[in-house]
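Mind looking over this structure? Questions follow.
Read from first to last, the chains carry the letters A, B, C, D and E; within each, the first residue is number 1.
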């Protein structure tokens, strides 16, 4: 039972379309598990089921041994689930610092207090300062999120997710839209975080996947067609055929 | 066909483009390269009339088109595949393709629904589905198809392969190659340096809102070291 | 020196025409007495807050001691106490909420119009007099509507099928079907303003006008309603405390003055009530010759004026004691409806609340 | 920071002086006008908390305003008649009892409405809150005991120990104190931990949920707090006007609150008060000069929306150079 | 039985009137993303223009034409002068602006036509009644209203779902700039759609004028029910507006007609009456609340 995440027989249909078809996989503690597959294979759908935005038609999800299949999203978070979004999703009118503070505050609790001053919660702001100091975003702390560059937003998303101190982090295409430099920074950030939590990584950037993943699961048309370590997957003809093609990067 | 001189633009008070110059000839494939946030998308938006230029000139066949309304620019023969796809979520795939379809420049073999479905079979399978429920990659194909259906003289692809599976990515590159072979002019923005170098005739590199380097693919190879610093490899 | 009179009335919204009638009737009435006056007219937008705000300014800033004009009882419920507390006088040309008619009556509060209940009792009496024994009674589902049906039933005595309509309803097709189904000898309905217009039009369009007679109380068939409804009103029976064919000098004078001043606007009972209010106030001002509130109060109480309705007196609660008449709506030469007075059906009636008033 | 306190204190002082200024200039009705604007400002500010800070556009806010008012009206009615509500709760005219009761009852009503409405969002939320408000409206219109559509007269303002509440200036100052206290409360509220969470939910509910915030509970709590504020304002209004009627909860009243918020500036603390004040002053002033005052008011509102983004507060900020 | 048929027809007729108004509103409100509180004012403009012209000319049909033209012109002017600047703005700004428009329209009507309601009569052709089943004469004008409503419904269905104009309007609702960047002049399109919505409101106004009271503020009363229809149907869905309009019209009429009778079985007459009507008045709101609790986005919510 050292699986952080265990998914068994997860099935989700939209009308006649089966987006995830009897998917089973596990993520071990401290592991980065990559989920790859062609567009429309059902990766985001799977992530959304794990975090509770979609309800599966069948199957089970266990987080650290607890059945969370029917729990509302907020309770899953309390049990240690964090995520980033495929399309960045932040609080656009607030600054980087405020975004982080809210994330920390959400974790710390005491959120029904109406007579305190959020600005005076030292435990929150100290932690935010710490996080920022350790991150490349430090100098941008006072910038409003709407004015951030794309890569910076992605970085911030990651920081916010990590500040929840999750056991398992769901990452939906963290490299999307990033240039080489930014991708490399993101990879470094993820590698640095890998000690703290397990990750389920959805990504199309194969360089990143192969640099990061301990194990890879390949999803095609909602089904798992292969699973294994990076080399096995790279060598798998079915995967090459359905997904990798003749890489010419 | 298109020439941009010393273009300046920005969002509200903040200026993003300071000095952009580029030009595209008929049948040419050119690229715009640069790290994140250097102003590639902003350049495209300004050319398309989605942002008002603050200075400089945009000329199309010798005619100044800077500051024209976007629909007028588009009608001149610009087909945009925008960053972030921006398909119409409440329309079906088919409707997305036909709603704005046109053949204003009377292309001899215009794009049709059938030809698009042939190019992207996945879209054919999803023809009746709302675009909002497509996967990211499917939406990207739709955005390309939608732009092609306006039969543009200049096709602008802003990060058209973002978020696509490697197979699809190569498919798109094949499509671009095919289009190029047919004589389609294309303005390409992408991250995949090696492909761009192979596909395109000429390149423009942006750094902080300025064009800092211009040249052919051959020159690019020669200047690789400097260029890679700008592009961030 | 001219006495300032504050007129707070509803001039905006669908009911705006009522305020207009009151303002114009009041002006003519006051002019007829030759008193020196100056009207300060302001819209209450049918909102108690606005009404009180206006009253406050009139009473405390402009030093006005005499207010009138309110159309709706929810506005007067807020404005009247305010006025009385300021030691001023309020004379109502229309609204007469029961809350102010009984135990809470006040020496400085006068009503020239009528109290709701008596109005509909007259219709009940008329229906009875015409020999009907079964009726369908319709009114909106709020207090005044319920009072209307209760008042009607009290004097009618026969079997009454009650139908309540929605407060903002304007399509009565369903009710028409119910009436046809119930097949009563007579229909009584109380729907003032726009609702009344819609009801009468639809009554005719449903083919009921020729087959089932209808009795109405005066707010449901005023001149403006009849004008908007057109020939569809011909053949109805109404009850009223005044009509433009009354054979007394005051009424005749008023009709003539109105026709001269507003040739295209019908003269309604709202304007007539306001005209009477004008006569009453003007007469009292002439008698007192100034703004002495106590003297003015006494002069008003005496009700010493020639009312357009013939006989007029105040009861114990300073609400009118008056006669009620049966009218029928007939076609004039052009086929348009006109109201013709038939007979007196109730004589010198006051209201039930007067008994509770200890002044 | 210091400057803000200075401005607040100045404004409070100026407002406190209104009765004297009014008396000195002979414009005594200004006391009532300002008092009314303060009360409406409170109601609008309470709406603004969910609307501007929480992103919940409620079109039924007048219901809570009316319910708060009716609590005062009904308690006075029973006090006056010597009867008791439902045969158990005796009436009273003590403000120290009626106001908390009004706040409580309005809060309960808001809990009920919120629990059902908050399952929807966007336009549907606007309409469903309206629907509940309409139901309350029709309910109160048919309550014969409490005057039906004619409303309840409250012959005497509620008593407050040690004060002569029949003195209109005293009443005004009491209202001013409540308004000031409420302003400070709201100011605290939006800066509190809870206020931050609410602001986060407005900007991105999905993100907040992904951080473990069960947004429904927070929104409901905000909705209840806001309903209580409206109830307080309603209770004060009935004391001020000495009258409660179903008009208080007509849908146009909800609209009016919304107009005040938008006019003043959505998501600002002072905006709703400024909006209420300006709307009242303009309406009252114009109504003195023309029966057709609605036309210029309409044109004025239109000009304000078309020319300023963010209402009067944005305009003020622009004029004073960014500061509040 | 006859009573039931008659009430069903009444419900249908009320339903299509609601639909005429709601169709225009849902087009503007749902598809163009604009909250137009002044839609009721356009209904009033149609009714007043129609009534006035038919009084002057004595012809209902001339009035109908005038009402349509006037409301469409008013709609186009509003779009060009006001709404155009508000598309990119917050919903709340739209609320304030269109509220201001209501004040302006109402008071202008008072200035032009005075405060008194206008009189209109039925067109000669439809002044009689038709015996649908033996013993049930039904006003032919109401049948005419039903027919017009159904025809409009069908026409709109085709326009929205089968034409490119419909697609473009829907596309523009979600991403105006992108539609423009693909070469479509969306400004003109929106003006036309707004005009069409106004025209439909005007049509409803003219159709209602011989039955109801043509008076200032008549639009403010009906606008709430219209919004309810739009929301129940699902914002932006003309089909939804149609279904919701009919359902609501039917329910409203049936509740009013039969609920008091049913209640009378269990309680005394007049109380049953009052309670029955009380419930029916709240009926449409109650229904909306229930429907939204089950389907939070309405019956035929657009995707996305």
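Operating definition for what follows: a residue touches a chain if its C-beta (ideal position, glycine included) is under 8 Å from a C-beta of that chain, and two chains touch if they have at least 3 such contacts.
Composition by chain, UniProt nomenclature: A, B = ABC transporter ATP-binding protein; D, E = Branched-chain amino acid ABC transporter permease.
Predicted model only: the values in this text are computed from it and were never measured.
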Chain B to chain D, fewest steps along touching chains: 2
Least step count from chain C to chain D, where 1 means the two chains touch: 1
Pair of chains joined by more contacts [C-beta pairs], C-E or B-E: C-E
Centroid-based (C-alpha) most distant chain relative to chain D: B
Distance from the mean Cα position of chain E to that of chain D, given in whole angstrom: 32
Where chain A and chain C are represented by their mean Cα positions, the distance between them in whole Å: 73
Gap in Å, rounded to a whole number, between the CA centres of chain B and chain A: 30
Residues within chain D bordering two or more other chains: 138, 142, 294
Chain C residues counted as touching two or more neighbouring chains: 11-12, 141, 146, 167
Touching pairs - complete list by chain label: A-B, A-D, B-E, C-D, C-E, D-E
Sites on chain C touched by chain E in the complex: 11-14, 16-17, 20, 141, 146, 149, 162-171, 173-175, 177-178, 180-181, 193-198, 201-202, 205-207, 224-225, 227-231, 265
List of chain E residues in touch with chain B within their complex: 164, 167-168, 170-171, 173-175, 177-186, 236, 302-304
Chain E-facing residues of chain D, complex: 51, 57, 116, 119-121, 123-124, 127-128, 130-132, 134-135, 138-139, 142, 251-252, 255, 258-259, 261-263, 266, 292, 294-295, 297-302, 304-306, 309
Chain C - residues contacting chain D, complex: 11-12, 41-43, 46-50, 52-54, 56-57, 60-61, 73-74, 77-78, 81-82, 97-100, 104, 141-144, 146, 167
Chain B - residues contacting chain E, complex: 48-50, 69-71, 73-75, 79-80, 82, 86, 88-91, 95-96, 98-100, 102, 104, 130, 132-133, 146-147, 150
